Each structure stands twice: as C-alpha cells, then as structure tokens.
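For reference, chains read A, B, C and D in written order, and residue numbers begin at 1 within each chain.
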C-alpha cells in the first residue's frame, strides 16, 4: 500500500480519493475549495492546508484538475509548484484531461528531476468514479506503468498503457472524439427513422444487432423512452455535460491542427456541439444533441 | 416447407437461393443473366426461362435486385409485371435495398390485388449470404411477417419486424448511414492517434473497452494490420464496396430531403465517400476511407 | 408583342404577370386560387376560369409553380394537361424552380408535339419580380431562346442561355447552393469576429475590400445593424425564407446524388438550414442562419 | 519619411522592404538567411548583421515572420529580444500572420515599455506585395494607427483599422476562413454544373451576375480554362499555396476553440484542405481544391 497525495476534489476527484482510501492506501487530500475539502474530510479522509503540505512523505501524487494550465501551475509554478519538492522516488499520476503537449511538458520537467510522471486520464464519468470502475489511459515509461497500476487499480478496472508520455491524453482525446461522432450519428439515424414513422425502440434493437451498433446506441441511447434509465429518459440531466464534450472536442481539434490531421466528422461534431451549447444546452447531458434534429414543439 | 420463386441471382441472391433450397424449400430461380442461371443450376437448383414461368404455383416470390426501378419493373410492368399473375394467396418478399417510397408503391399495388408484400432488405454482406446468417429488416403487416419469418429463417438468423410497409428499407437506410458515420469516425480517430505516435492496435483495444466502441472498430477495423483478416489488412479488397456505400447513402440522403430531416454527419459521409470514389476507389472496400486521412507515400 | 397565358399567380407570379402586361403583351392569367385571380384582375389583367381557357390562341405559356409535380400535372396530366392543346407554334416558358429531370421530361414531351419548351427559373426574389429586374436562367434550344428573350425581357433584365433543356434549373440550383454556402460562411466569419470583440460593421468593410468579398456580405449582410435595410436589421422578416432555401438545397442534393457529385459544403448547408428550420425559423429570412452561431439571450 | 528596420525578407517581406525604400523611407533590412539578405542588398537596400544592429536609431520596426513563436522570439527573447532595446518613441508594426493571442502578448509587453505596437497582417499575396497594393488590417491604438498608416501606405493601398490589439489578426483570420469557404463552395457549384453538362464558363457568368457572386468566382476561378490567367489555367501553380491556407485555417480553428465559436463550414474547410494536402497537393495553388470533386483521369 502507498502513501498518496490527492489534489483536486471535484465531482470526479472526490469519489476517486475515497475509493483510493477504501482500497487501503494512505491518502492526504487537497483542494482550493474549502467545501470540497470538508466534504472528503467528512468521509474520513485526511486533508492538508496546501498542496505542499499534502505531499510530505508521499510515494505518489495524483491530480485531477480542470485544464492544462491548472496542472502546469500546481506542479511547475516558479514559487509554489510542488514538483521540485516531491520526496525522492515519488511519482506523479495526472488523471486530468488536458492537452498532450502540457502532459509532455510536465513529464520532461519530471525527467530532469528524476521523477516519474504519467498522464492517466480517465473514462467512465462520475458514476464510474463512484463505483471504482473507471478506465485509465496511461502515457509514460513501462516501469512507471507497473507502479501506477498498483495505485490506479484502487479506483478503476481497466488500466491501459497507451504509449509514451502524452499517449494517455491522445487516447482519451481520440476516444471522446469518436464518442461524439457516434452519439451525433446515432441521433441522426434514430430521428431519421422516427421521421419515417419507425418506433425508435424497434429501430434501436435492429441497429444493435446490425452493423450500426455502437456504444451510444447500446449504453446511452439518446432517444427519450428507449432506455429506462438513460439521461434522455430523464430530461437530459447529466451524465456527461455538453460543455465538457465541447472541451474534449476542443482538445482534439487543437491537436488535429498541430498534428496536421484531417478530421472532418470530428470537427463538425465540435461545431454542432458548440452551436447546441450556444442555444442554452451547455449544462445538459451530451445526448441532448438529438434535439438539434427535432422540431421544437 | 414452401414453394418459392427466387428472382435475382447476383453475389447476394445466388447464395441466398442455395441456402433456401438447402433449408428444404422448393426453389425455382430466375435471372436475366444466363451465366447467373447456369451457376445456380450447377448447384442443383431448378431454373425457369422467365419470371412468369418461375412463379407458377408458388407460395412466395423472393426478389433481390439492384434498385427500385428494377423492382417496380419486375412486379408492376404493364405487360410483363408478375404481380397480377401471382397465384392466389402467394406473398412477395422483396429483399432488395431500395427506396422506401418504391417499397410502399409495390405494397399498395399488392394490397389492391390481395397479395401480401413485405420489404425485407438484408444486412451482413456476401459472407453472411453464403453462411446463411443474414439479418432481415422487414416492413409490412404483422400476419405476413409470421409467414415471412418461416421462409427467411432459411437464409438468416436475425429477422426483425421494423414496422409497416417501407419500414424495413428505412431501418436498413438508417443502419447503413450510421455504419458509414462510425467507419469514417473510427478512421479519423485511429489516424489522429497514429499521427501522434500511438500504435493503432493499442488505441483500438483501449477504445473498444471505452465509450468509443462501435461495430467498425470491433469487427471491421479500417487500419491495416490491426486485425488479421480485415479488408484493411488485405489491400482493401471488398467486402462491401465504396460504390455500394455511396448508393446506400444516396438513398438515405434522398429520404432525408423528402422527410425534412437534418443529417449533417450522414450527408458529409456521403460527400466524403463520393469524393473517395471519384479518386478511383469505388471498387475498394468501404473501410479504405481511412486513406482519405493519410499521406500518400 | 405576344399573346401570353400566365399560370401561377403567387408572390412571384402575380407581379411578373403585371409587368408582362405593362410591357405591352396581351396576358391572360390563371391560378387555382380565386383570391390570387381576383388580385391580378383588380390590376386590369384578363383572367380565365381554367388553364385550358387561358391558352386559347396564345403565342406562349408562362408558368410559375411551386414544384415539379405541379408543373408536370399542369402540362402533362392525361385528362387536363394543356401541352397537347396548345396552339400550333406556341412555346412554353416554365419559370418555376424545379428539378432538372422534370424540366427535361416536359421538354421531351413538347418535342414530340413540336412545341418548344424552355426552363427559365428566376433569381432575385419578390423585390425583383415587382421591379421587373429578375434574372432568368434558360435551358433549351438556341432558336427558342431568342423568342423567349423577347418575352422575358418584359419581366427582367439579365436573361441567360445556360445550355440545353434543364440547364436553366441546373444553373439556378448551383447558384443557390453557392449562395447558401457563402451566407453561412459570412455568418460564421462575422460572428467569429464579434466573439473576438470586432465591430461587425468594420469587419464587413474590411472583408468587402479583401478576398472574403461575396454577395451575402455586400448586398444581404446577415448581422443586425450593419446594413440599414437588410432583413437582419428588420428582425429577419423575409426576403427569402429559410423554408425556400431548404427546398432549393433539397433540389441540389437530389441532383448531386443522381449526378454522383461530391458537395460537402452544400450538403452541410442543407442540414444546417434544415436544423434551423426545425427550431422554428422556417418562415424567417434565410440570413437568420447567423443565429445558429450566437448565444440565446 | 521614417527610418525603418525591416525583419524577415521572405517571398512577401523582400518586395515589401523594396517598396518601402522606393517610397522614400530609410530602410535597414535583416533576415537569418544570408541569401535573402544578399538578395535585397543587390537591390540597393541597407542590410544589418543582426536584428539588434538593424534597429539602431529607427522610428519603426516592421516584421514579416512565419509564425507566432518567431515573432515572440525576435521581440521578447530574454537575451536577444529587441523590444527592450528599441529607441524611445519607436513603434512596432508586425505584419506577420499569427494568432491574435501572441499579438496581444507582444502589445502588452510593448505597453509596459511605452512602445506602441500594432498587428498589421496583409492580404493580397506575393503579387500585391510586389505591386505595392497590399491591404493591411491593423490592430492597436488609434493614435498609433495614424503613424502606422504613413509608413504602410508605402507598401499597400487599403489600410484598415480593425480595432484594438489583435484585431488585425482576427480580421485576417475571418477573411481567409471566408475565402476558403467560398473557394470550396465555388468549386462544388462549378463541378456540380459540369457534371450536369453545363459549360463552366457560362455557369460562371450566370452566377457572377446573380446571388452566387463571390471573390473566388470573380477573380480566382478554380475551373481550368474559364479565366485565361488563373492558377487553374496554369496547372494550379501558386499563387496562394494549399499549405498556407491550411495554416490560416488552423489559426481560425484554434481561435474558434478559445472563443467558443461554432464554425461548421470553416472547420470542414480546414479538414478538406488538410485531406487535399495529405494527398500531395500542399504546394499547389489553393484553388486546386476543385480536384477533390473531380474524377481522376
């Protein structure tokens, strides 16, 4: 079992820290928000008054932060950055979803200090964070991956080594771009069928047994009433918000520009989700994109 | 067991007729091509010299033809159309992939003559036609569906009742539009990952275990070398040709216009496949769309 | 001067018939709507009680109807179609915006009867119809074009011979697809600039003097307040309705399918306009597509 | 007349520096490439051995560099950056096409040192650079704009004040995104017409007189043979390269992400140009995008 600092206790980070402690690790948590800190403290987790205080004597730091700039600031800030203060032999596991370039910048800084850094973004959302069934997509050295796996397995079930530094972020970005595409495609297909008088439930069953099958259709059907517990059947309560999908698609598009990649459906997906968000749907579940293809009545 | 006329013995119709005979039905086949006729005759199937001759005394006619105009001509042509000559109580099962409107026109003509007509397009391609594992998507009356099922089960395993007349065509059109979308999306995602240095095989495994999962990624991976027996690993030998996907997407787009449906990814898929076909890739497997996103070298 | 029957007295056809009469031609008008008939009668135009009655002794028939099916019905209906009753030597000028295929079908029927038929769809909208400044895009024989020009010049200023039968419809369809594309593109560019703090009026001036220049930006600016008399500055009162643009883009998409053309921006334009219409904007001016890219507040 | 340092003597910068000298200004030029330096020296321009040497005693520095990183490095590099060494009262005119954020960063650094900075990217290409007919889109303070105009008018004819710092870059980015859109749209429309048998020259004339009119159609027709001196008629020799359009569209897409803008046609244009470049067309003129819509034969 390891001694771990956990930084960033939002909707995802909070339950992840709790599961890590339940798995037997010694966890000290920190967040800028007093409320978030109090919330995990109430569940019996040690908390610290600063990131610096949290990392004393740790084997590893796990971070779960909103964007690349926050990650770089926490670790690399000239005055308060914690990377240079980490105990010898400690490793960094950044589970935030950020751009691959920032992930590589952090890893390079770690490398100069002899600190192993892995990017390890997650898939599965708040439900999987609570259930301890997240997937982790890791980028970094093979030997660090083995150490990381022992810790991450306290919070998830599928732990992948995607490749070198940044590869975890790239894998997540590719996955979520593909998710956005088949969610929109599934919405178009179901609405096209409905416009022709088909029952979306019957059409869903047929396509699930055919070559149209995909995760959105199977697990996260965007048509209200087809699946009892779907976000669609509950007024598009998130779930995974449109605003977060826009963020992830933005990361994919930025990368497509720097990597000179052609991603016509991916970039159209970003513009459609952005238009949907501008129309006031940012806080809704991302499966609400179906409404872009329906009459307003 | 039934007495069945089978009209249209192409790459799909030929093996379907054979399986129907193997299942114990009495089959008489017809095709305008002597070569196609000779080919099934060599396998022991009865053949007829005309569609009219084929339908004598049948319980059902099955047709497998290239497009709506052929179907309407075979059944409704003023002089040679066979619909009005069918034995009392016989039913029509049109397995061709055509527009829903033509399917409804044929069904309406049948209804006037007291003949049950179902549209029953298939999913699965030549391999499934040979193996007898096709899926059928049927449109028409519930009672006709029960009769149809007894016959179609000789050629396939999943037999769906999609809804009223034309609904089988609509279901297939929606399914194939969604297939085109996630095939292109999967190609974009895998190439984006590869452009960032990821191994497409590793990335495929990660996305298969995550929310990016879809039929193209799982069964029909478009990246060469990821799956041993994929079309991609065999120089994009079809399989399912680009030209046929363009045809199916054309049916979906025409329907989207008449049904006033918004299908942005679906229509972009049609234009991308059409551009890919114009560049000389029409006869290749449809997973070759990946090459639209790669450097030529 | 000629004797002309004018069939179809809607928003466009009404003022066109009036201008034709003002130009000195002898006009007899017909419409299925009594109200439309009464309206032109009040302006001093002769009216007839049927299409058949209107064509007695004419040199030409002009039609201005909503869609291909109406045109084919008026001219080719087995019992009431007027084509076969036209006086010897009379010509047909169909100014409706319809699919090129129907235009060619009508022309072929005319050819069998020795009647010259031209498709002659218009550009310019209601304002130009009233002002007599329409553009006509004509398809048909060169000698018929000369006769047509003498008549059409009473209703418009630019009269083009686009090519053979159907070419007028093709030219209009290409033009309006391009119009839709640069209207949306102009909206995207102006809103992108505004989101970055630029004054849309200044940005419009800069782009008008640069390579971004186009008809939408120059004549029909979609940003409210940039041009005093634009639809955008008047709450997107039409002008040219979203619903009509959807119809025209539908014709272009259907043609792109049959002509195996790749039109990615054109088909995306159709889906965006369709989504915009589904959201309740069908009767607004087509420049209101800008709102798809703005926050709702 | 002013004393000016000119940094960056590429295809654009070289002829701009020459025109500036011809207009009577005292110009000292610098480039990292000896060859570029020698080339302007041969035309009688003073050259310097470093950027530092070039700026001695100047009233203004003009820079024409490939990307944001080069601009920031030349002006702000900790050891060699020239901004802090500029004479009191000198101003900076950066004519490079870069991201607006970098432009604002440079302006802010100038503001701290009391140095007026304007972003002033150009439109018009190499031909206009040589002819002294460039358009300048300037961002920065109104009073600096007046000083800038006096200098820029030696190299161009249209000099616009787009707004505050960065607004020049935003205006150029919006303009070029719109240009890409109507170039692709014009190509789609002309090819769609040609696929229907229309003469692209006739169709171009009709659309130029109608609502499809735009700069690409008028000045830069992408169909070979329509305009005698177009890039299209000369084997798509650039002109303005596909690779440069991809760069400009990348700037627009990055900005659309940070400004949360929906730009569906703009982002599809980027992916289409990128696919076109990947197929080996990067060095061709950007009007060659027409070939994406034609058969290869």
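Quick note on the criterion: contacts are C-beta pairs under 8 Å (C-beta built on N, C-alpha and C of every residue); 3 or more make two chains touch, one makes a residue touch a chain.
Just so it is clear, the structure is predicted and the values come from calculations on it, not from any experiment.
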Interface residue identity across copies chain A, chain B - same or different by half: same
Selected interface, B-C versus A-C, where C-beta contact pairs are more numerous: B-C
Euclidean distance of C-alpha centroids - chain A vs chain C, Å: 51
Rounded Å distance between chain B and chain C, as computed from the means of their C-alpha atoms: 39
Contacts with 2+ other chains: residues of chain B: 256, 260-264, 268, 272, 275, 278, 292-293
Residue numbers on chain D that touch chain A, as the complex places them: 246, 250, 253-254, 256-257, 260-264, 267-268, 270-272, 274-275, 277-278
Partner chain A, residues of chain C touching it in the complex: 264, 268, 275, 278-280, 292-296
Touch list for chain D against partner chain C, complex: 100, 123, 135, 137, 158, 160-164, 166-167, 170-171, 173-179, 181-182, 184-186, 188-193, 195-199, 202-203, 205-207, 209-217, 219-220, 252, 255-256, 259-266, 268-269, 272, 292-293
